[in-house]
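As structure tokens, here come the structures.
You will see subunit A twice below: alongside subunit B first, and alongside subunit C after that.
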Partner chain A sequence: MARGGPFDQERELPTEVLKQLRAQYHLDESILQQYYRSLENLFHGEFGPSFAYRGVSVSDILADALPISLALGFGALLLALLLGLPTGILSAWKKNTKTDASLRTLSSLLLALPNFVLAGLAISLFSFTLEWLPPAGSGGIRHQILPTLCLGLPFAAQIFRLARNEALSALQSAPTRTARAKGLPEAKVLQRHVFPRTLVPIVAFLGPATAGILTGSLVIEQVFALPGLGSHFVQSALNRDYTLSLGITVLYTALLGTLTFFADVLLARLDPRIQSLR
Partner chain B sequence: MSCTEEPSALRIANGDDVAILDPLLATGSGDLRVMQALHAGLTRFHPATLQPEPGLATSFTSHQGGRRWTFHLRPDLKWSDGTALTSADVLQSWKRLQNPSTGAPFQSWLADAVFTATSPDTLEVSFPFPHPQFAAMCSSPALSVAPVPFTPDAPTSGPYQLESRKIRDSVRVKKNAHYWNALEVQIPRIDFLTVESQFTALNLFLSGEVHYTPNVPALAIPKLLEKFADAFQPSPQFGTYFIRFNTKKSPFHDPLLRQQFSAAIQRNLLAESVGAGRMPAWSFVPPGIPGYPSASLPSPPQKVIDKKIPTHVEYLYNSSELNRDIAEVLQHQWQTNLGVSTRLVNQEWKTFLYAQRQGDYQISRSSWIGDYLDPMTFLEIFQSHHPNNRTGWASAEYDGLIQEARQATQQDRRFQLLHEAETLLLREAPIAPLLFETSQELVSPKLKGFHRNLRGVVDWSRLTLQEEP
Partner chain C sequence: MKRADALTLAFLLLLAGAALFLPWLSLPAPDTMELGDRLIPPQWTQHPILGTDSKGRDLFVRTLAGARISLWVGLLGSFVALLIGLPYGAISGLFGGRTDRFMMRLADFFESVPITILVLFLLSILGEYREELQGLGLSRLHIFFFAVGFLFWLPTARIARAEALRLRQALFVDAARSLGASRKEILVRHFFPNLLPASVVIMTLTIPRVILMEAFLSFLGLGVEPPGVSWGILAKEGLAAMNPLVQSWWLLAVPATALALTLICLNHWGDKISDSFRANT
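For the complex of A and B:
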């Protein structure tokens, strides 16, 4: 169990004040009573008041932060898909050419660079050298570009790898060989026999990745000062803000469960082998 | 955080998010910056000297060396919604501070005070002991006048009122047309932006998106001093960085050993290596209090008793770059000067506080910032039973000196007693002062009327913003 409490600070509170605060937040009750209270609140869709943000409910905090994380996360995912999927297929199709080699090098680089380094480079280039985009902040589409890019690019590199691997094996598979032998144009081969197969591992990856990207963009949120969910995850634990910490964990679990479920349903539609297991 | 496109708004990179909007409860420096804009006290501080000046009160007088105070409120004071603000409102606000169920950290300031309104614009306050600093304390948010019952969007008494608050994004305040000195308020709107990363704050400042940021990353300091000398001028702060020894446990129950460890610290070298204008501390109370004679560390103990020096000690600090740097310098100096090997232990903030409170340490990093310009705000914490003592050190002589100083009605006598107490504290060495804090503010040259002061507080109502510096 984490030591220390939500009301600990450098300047210790007067004993009487601390006693009153603990009573207000029900910290004077037994752990069991507190647990029961949390469960009861949860059934009513409530998490109670935040310990750190006095007078603000956890539901309000999450409701404010979720849309920002959703906008950033979905923007980044869309970018990752639009960049990663076609380049992955292209790279497999052009296997062992210069195009393949440069795309693979680029993807390795993007995967290896921590996103704060990527963000630093992007800010230095786009905000200070070219002076095109603001270095941080929210409020307009211009503010969204850099964080979306920095969050999305490493995911694009991951999708690129998944797509390339799957496309490679699809290109060498029997149906593709047969289609080519029958004289189907190469574009149709890619469209009918390669593209649907590359989607399978990507969809499986996207379920948990989406939940992660929505809640775990901590570094990007800090660098670009975006008020999303990411830093609540860390800050609520550091602040011993029990209710906010619980709220964000429940939200993450719900997101992870829902998105994995949808990914599984979609997979069953995409991959006949999964349906045949039923 | 949103960046407004509207003209003449002042934009502040305010550090961590504003958690508490109640002036009586706020303690975080970012929260207090917002409180200074929203809520006014009976006095306000001079932006450079911090001496109290008339605020909501047009005049204030002390009697019996500060045991009794009389405040005369300005006529026709109004809340930001235009309703009248009277001495009854001041009483209510202060009663709320006094009430333990409010949960106010500064409740002790008024715990033993008796205050009455003798007329709609006259207030009498009395204490069992002299409070010569009470007028200065009245300029703090804790003693400002806030409506009861309090809600964050309730009317305000200060130069600004709340316009909007977005969690982890920004707090926006707009000018209060009913403020007693509204004519002087030049900046119509201030955005306090949540910018947790100091690097991000610096980026925003350098690209002109914000006009003020209270802290800068340590790495950037040399460059800022060289290239942005008009915006970055580290200045002394009313705060001391020090270490606590756990006097309850061996080996630091021995004052001689504590003195040796303190004397083995080369403070000049330490200050040089952490840089940023930090000054070596030879006393616990920082300099800058008019009339207070600084105490100084005693000369090192003559007799070094080698067998008493332990071979290993443990140094506890809370995780931060600066704390780590200082810990490493101390480790090196104790190794070189005493032959002691120091194990460095770092913990996150709340775990660290818990360990310090439980006495679960040998030596631990600490700092203290004064609430008002008086030695008492530093020295009172080392009374035997003070909750912020946390060293286990108890001295009846020290407690007696502090108590006597509390009762003294002559300032000279009071300062002399406090000086004696500080000398005793440094001699007994439950703590060892290391450095005096400095402000790391970055202030845009466009911001006119800005003064760097010892407490790093800003009176937003006296600033102007000029688009051309």
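For the complex of A and C:
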């Protein structure tokens, strides 16, 4: 559908060279043959050679890039959970106080900024002005902090909202009132009656959050010059590197499918009512 | 909370007014370059109040010009989404039965596709056919509206369907039906007018998301193109201009602040309107 081919360049290649290249990448076969070949390779976990990086197979690129993106993505998700959940419960518990108001303002601020703007502001503050952290590139744990923060914070704000809403209704529910009437300490009330309920909407949000983190990483990896899947995905689209593009899409789909599946299973375990809705 | 309402509304009205009447304000054009005045930091009280960029363009004027495009995109993009989603949901809810099931499963199908990626793909393909589209009188911005409408019609359709299901039970719809009104008449005369409040809620909730989407796509180079100015473009330029040697934080901070303030105000009113709407039903 997109015009042009992977070997279109400013300088035209001699016909023989082009012919050989096409033969090497099996582009001279019929569409059906090519389709069958790539399908067969796919079932063997092979995506074929990259069109843009000569002599490198797509699997190699994926093997290099996946750990970087996994570390970034899971780091961001973990950060979002660890920040969003406790603050959400705290905010609901201290409803209509200064703490609640400031946390809510912060969350709406984080939700109102695109992540690349957040990244830019963070770089300009922590890297250029305070010179605490490196602005880009990959390396040790210090290189991971800013990208993880910038990718995770908007989701922390989302989780905060979900947790606050659920905790508010949990705090007003009959079991909580009974527990309080029986003289259960506030900490125990939060632990037994509020915390488990807030998990339900958050686990349900994990699927969409994973999808959001995948698209978010496209931008964040570019800004911080991390050689992860996101950067490769954008590059492959620009280079018409079909095999790499396909490989990353398959990997993304598999990741998203797996995580959504686990989220659904977990959800049914957390809330027995969901299981009985068969 | 009353003060917050007034403040956010005043900000939005002021911004919309300034954006609307920008061509009539006696300000320089947003692409006027004063090459002698490059990278002046914000002066706050005198001439380049928000500073200038690396080509000597006044950032205050550019931010207002950006508001023009960003607000317009937000408004029109969500209107397109409404135009697709509202009739879809209303028809699905009114007809019910097999039609309803089919239409909603179709919506499920669209929802299962990661639509952000689909829109990226759509925009990049349509970008290649730009000349042909220009022959038809369609610019990049039109394509963008279409893509955004395509992206956001689903939630609109679901809300509209829920409303339609509620209206179907209403006494006056029953009365109309018993008087022999056709489905088309019920749809046009009873459903659409009663879906208006829901539409307002949908619009206020969609506009901020569309504005964010525009920023995201402009950053990737698929949204508004220079010399066009939007907040996404300004933020992108600000990010690109950042380096440790030359201080230029305001190039990113100014559009980011404008964007954040606008979205916070819009979200505030969106929540408020949908809360009052929920209280009524």
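Please note the rule applied: the second predicted complex is superposed on the first by the 271 of 278 C-alpha atoms of A that agree within 3 Å, B and C clash if a C-alpha of one lies under 4 Å from a C-alpha of the other, contacts with A are read in each partner's own complex, and residues count from 1 in each chain.
Just so we're on the same page, a contact is a pair of C-beta atoms (placed from the backbone, for glycine too) under 8 Å apart; a residue touches a chain by one contact, two chains touch by 3 or more.
Values in this document were obtained by computation on a predicted structure and should not be read as measured data.
In the superposition on chain A, A:52 contacts subunit B only, with no contact to subunit C. In the superposition on chain A, contact is made by A:135 with both subunit B and subunit C. When the shared chain is aligned, no partner comes close enough to touch A:265: not subunit B, not subunit C. Of the two partner chains, subunit C is the only one that A:211 touches; subunit B does not reach it. With both structures placed on the common chain, the touch criterion links A:254 to neither subunit B nor subunit C.
Once the two complexes are laid over each other on the shared chain, residue contacts for A:113 go to subunit C alone; subunit B is not touched.
In the superposed model, A:223 lies in contact with both subunit B and subunit C. When the two complexes are superposed, the chain touching more residues of subunit A, out of subunit B and subunit C, is B. Judged by the touch definition given at the top, the superposed model places A:121 against subunit C, while subunit B stays out of reach. Of the two partner chains placed by the overlay, only subunit B lies in contact with A:240; subunit C stays clear of it. Residues 2-4, 123, 127-128, 135, 223 of subunit A are contacted both by subunit B in one complex and by subunit C in the other.
Residues 114, 116-117, 120, 124-125, 128, 208, 212, 215-216, 219-220, 232, 235-236, 238-239, 242-244, 249, 252-253, 255-256, 259-260, 262-264, 267-268 of subunit C are the ones that touch subunit A when the two sit in their complex.
Of all residues in subunit A, those touching subunit B in their complex are 2-5, 8-17, 19-21, 24, 52-56, 60-61, 64-65, 123, 127-128, 131, 134-140, 143, 222-228, 231-232, 238-240.
By the touch criterion stated above, subunit B contacts subunit A in their complex at residues 1-4, 17, 19-22, 25, 27, 100-105, 107-108, 111, 151-152, 166-169, 193-197, 199-200, 203-204, 206-207, 209, 348-351, 353-355, 357, 367-368, 387-388. Of all residues in subunit A, those touching subunit C in their complex are 1-4, 108-109, 111-114, 116-117, 119-121, 123-124, 127-129, 135, 211, 214-215, 218-219, 223, 234, 237, 252, 256.
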